[in-house]
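Sharing a structure here in structure tokens format.
Which chain is which? They are A, B and C, in the order written, and residues in each are numbered from 1.
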Amino acid sequence: MEWISAIVQGILLGGLYALFAAGLSLIFGVMRLVNIAHGDLIIFAAYMALSTTMLLGVHPFVAVLIVVPLMAGLGYLLQRGLLNHTLGSDILPPLLVTFGLSVIIQNALLEVFTADPRKLNGGPIETASIDLVGVGIGWLPLLTFAIAVGIIAGLQYIFYRTELGRSFRAVSDNQDIAQLMGLNKAHIFGLAMAMALAVVAVAGILLGMRTSFDPAIGGGRLIFGFEAVIIGGLGNIWGTLAGGVILGVAQTIGAKFDPGYQILSGHIAFLLVLAVRPNGLFPRVEH
Amino acid sequence: MSDPILDLQNLNAYYGDFQALYGVDLTLQPNEVVAVIGANGAGKSTLMKSITGMISNDPGAVRFHGDSIGALRADQIAAKGIALVPEGRQLFPSLSVEENLLIGGKVGRSGAWNLSKVYDLFPVLRERRSQSSTSLSGGQQQMVAIGRALMANPELILFDEISLGLAPVVIKQIYSALPDIVGEGMSALIVEQDISKALSVSSRVFCMMEGRIALESKTSEVTHDQITAAYFGVEA
Amino acid sequence: MNNYTVTRTSTASKAALVIGILLLIGLAAAPWWAGRADMRLMSEIYLYLSLACLWNLMAGYAGLVSVGQQAFVGLGGYLLFALTIFGGFHPVFAILLGGLIAAAVSVPVATLIFRLKGAYFAIGTWVVAEVFRLFFAQMQSLGGGSGTSLPVAIVKELGAKKAIREANSYWLALGATAMVLLAVYLFLRSRRGLALTAIRDSETAASGLGIDIWRTKLAVYVVTSAFTAIIGGMIFLQKLRISPDAAFSINDWTAFVIFIVVIGGIGTIEGPIIGTLLFFALREVLADFGTIYLMVLGLVAIVVMLKAPKGVWGLIKDRYDLELFPLSYRVRDTNKK
């Protein structure tokens, strides 16, 4: 029974990891960019929510209404102001610029908020739980998973059934020809990053309610998101959900043996998948 | 003679240190169909890229309805009413046939062309509207590429080597549709390696060689020898 | 009649060679003219220069951009401690042996992470570093999460008296760095090195010429990892204490190294030298400011990457056509003197 509980917790944890990964996946899909600062932006969003709740005295869920649009706007400006200028055939500039960005964000947060762990106060929902199949399931993890599924379904819908998604796919396929069709790729990339950071904002707030956070943990979140993407398979956003779940379950099962093994188990699961299925479990695109 | 719709004056183009176009002069009248021929490397592609904004030139070197567009971005030029049927089709692999056509209309210009009219022109596409664009034959892909350009309701449509890689019977089919396409009051510039096809639909012809215009003539007046001399740079 | 020769040397490179040798002699004599603190600082500079040179070889030449070099720095450090404490080996021998072991470890690691490309490869190297860190954090025999110190008996093997130990430590660092620079330079001059530059410039063209890309990249990865582990061993021999967070710190061993190479000039041998000097100069000025110092570094790296992607040396090289480590071929007219 304890094992079942661990697996269920792992599945729900996977929802959070899938949220980390969704933004990464989206950006890579549209513009082949991997943002090393992605994890730090998740933490940045958590701090933004913290400030909002402290300044306005509202619940984190209400803070979503402010943080999500702010992060989306930030994403658009970041892309058009900085990241668009790194795109090209050389992989070094975007990698090194986003690495520099990561260092700046971490230290800026450290400077403003210090290294003390902080947490968003979600109130009763944090400890409320429900009994399902004989296992106690927390409302917050359950909600997080549901939100993750919802967001992924939403992204899928946008990508394949809307004009915006059509533009994303066209620009991703062939930037030059897309430009000839009247699509300003600088603007399209900006919109993609705006969407990605909106998802990052949600992920950050859910993370902040679930555990305590400090400026240094961004890198770990990036790695979890990245592992979920690779396990699930590039180019498949539902695969990313599967990847997140597998990672989550590997971690919770590892933790059952010894709490110190939690993260290591996740890494091992990732390396295993990399060894036997280099393209991930449900790939749509070659690396 | 009315004002030209397209006016290239002393157009130069560079790829880094390499000069691809040397002082090209070319005008296109409204409703005219003009052919541009020349060997590989003569500069035809560069010419297309300059007109459509894929490479940047001196602002005044390319004028459209008198506006200087030489330095504008490709999407800005598309909005003004210039559409390209690119060399090698270059459809979007992630998009279906219909989605490729719809993207063509993203520019949002109003006019005679819409999805239904494109399907009337190329009925086979209607049957395959939901298929992945890359699963079509070469000739069908060329139809999609043409349809995509038409969806933008352009005033000037550029055809870049549309016969490349297609079977002769398919080429014939496509060229027979050309009058329907251009007949709607559009102007067209056709770049072709197939000289006879190019001459069959155009009223004037330009021949390029090594980045320069080597010959300009009315199609009805040009001789075989003149073309050979201009194309290859040798006296026939 | 004109006689042309194809040569690699230039006046600048000949001058640099002479100056370099004189400098090496001068620096080797440091225990006699420098104080203890200065020698420690210089050792630190040498070791960072080595790390930068090695990272540059992988990223700037082989196109393998890693943000996980700390994996091997830490591995080298921990192997030093493990081999001396449990194996009874002399520290210097332990460091060299550590390099060999690291080389062996890097092979299976490479087969795994080479399946990833570009930025994903980079993050993969980071994951590997994290795995190493978590692994060593579980080793209670080496202090677990809080780490351990090098026993005095082992420290004394470097020299009975403190002054001798300091001198030996310093010479080890200087010697290692000189060897790394020389090895990298000779490698790049060789046919393998030429193959590497070809791969960097165009993989498709290179493979079309029959260059085995995978094996060349593997060779670079293994050699770089081995040398990085050796440097790591030296670093922790100097520090006398190791812990998982210090050994596998991404800030200390990757962020700083990347900034050094980017600001100095990636893909050149001179770049890391300039970058290291600039980095330490900046540190002297700003180190008191902790987080602001790091933010400035990040900002400078971003600006350099966008405005001057070839770094400081790249600007100098382009302006004056200068090359201190002769690598490229020049055509010289022998009639002109």
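Just so we're on the same page, a residue touches a chain if its C-beta (ideal position, glycine included) is under 8 Å from a C-beta of that chain, and two chains touch if they have at least 3 such contacts.
Predicted model, so just to flag it, every value in this text is computed and none were measured.
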Winner on C-beta contact pairs when A-C is weighed against A-B: A-C
Reference chain A; chain at largest CA-centroid distance: B
Centre-most chain, if every chain is reduced to its averaged C-alpha atoms: A
Separation of chain B from chain C, taking each centre as the mean of its C-alpha atoms, in whole Å: 54
Distance from the mean Cα position of chain C to that of chain A, given in whole angstrom: 33
Averaged-CA centre spacing for the pair chain B and chain A, given as whole angstrom: 44
In the complex with chain C, residue positions of chain A that touch it: 33-34, 36, 82, 85-86, 91-97, 99-104, 106-108, 110-111, 219, 222-223, 226-227, 230, 260-261, 263-264, 267-268, 270-271, 274-275, 278, 287
Interfacial residue positions of chain C with respect to chain A in the complex: 59, 65, 67, 112-113, 115-120, 122-124, 126-127, 130-131, 134-135, 137-138, 250-251, 255, 258, 262, 266, 291-292, 294-295, 297-299, 301-302, 305-306, 309
Interface residues, chain B side, partner chain A - complex: 52-54, 73-75, 78-79, 83-84, 86, 90, 92-95, 99, 102-104, 106-108, 148, 152
For the chain A and chain B complex, residues of the former touching the latter: 163, 166-167, 169-170, 172-174, 176-185
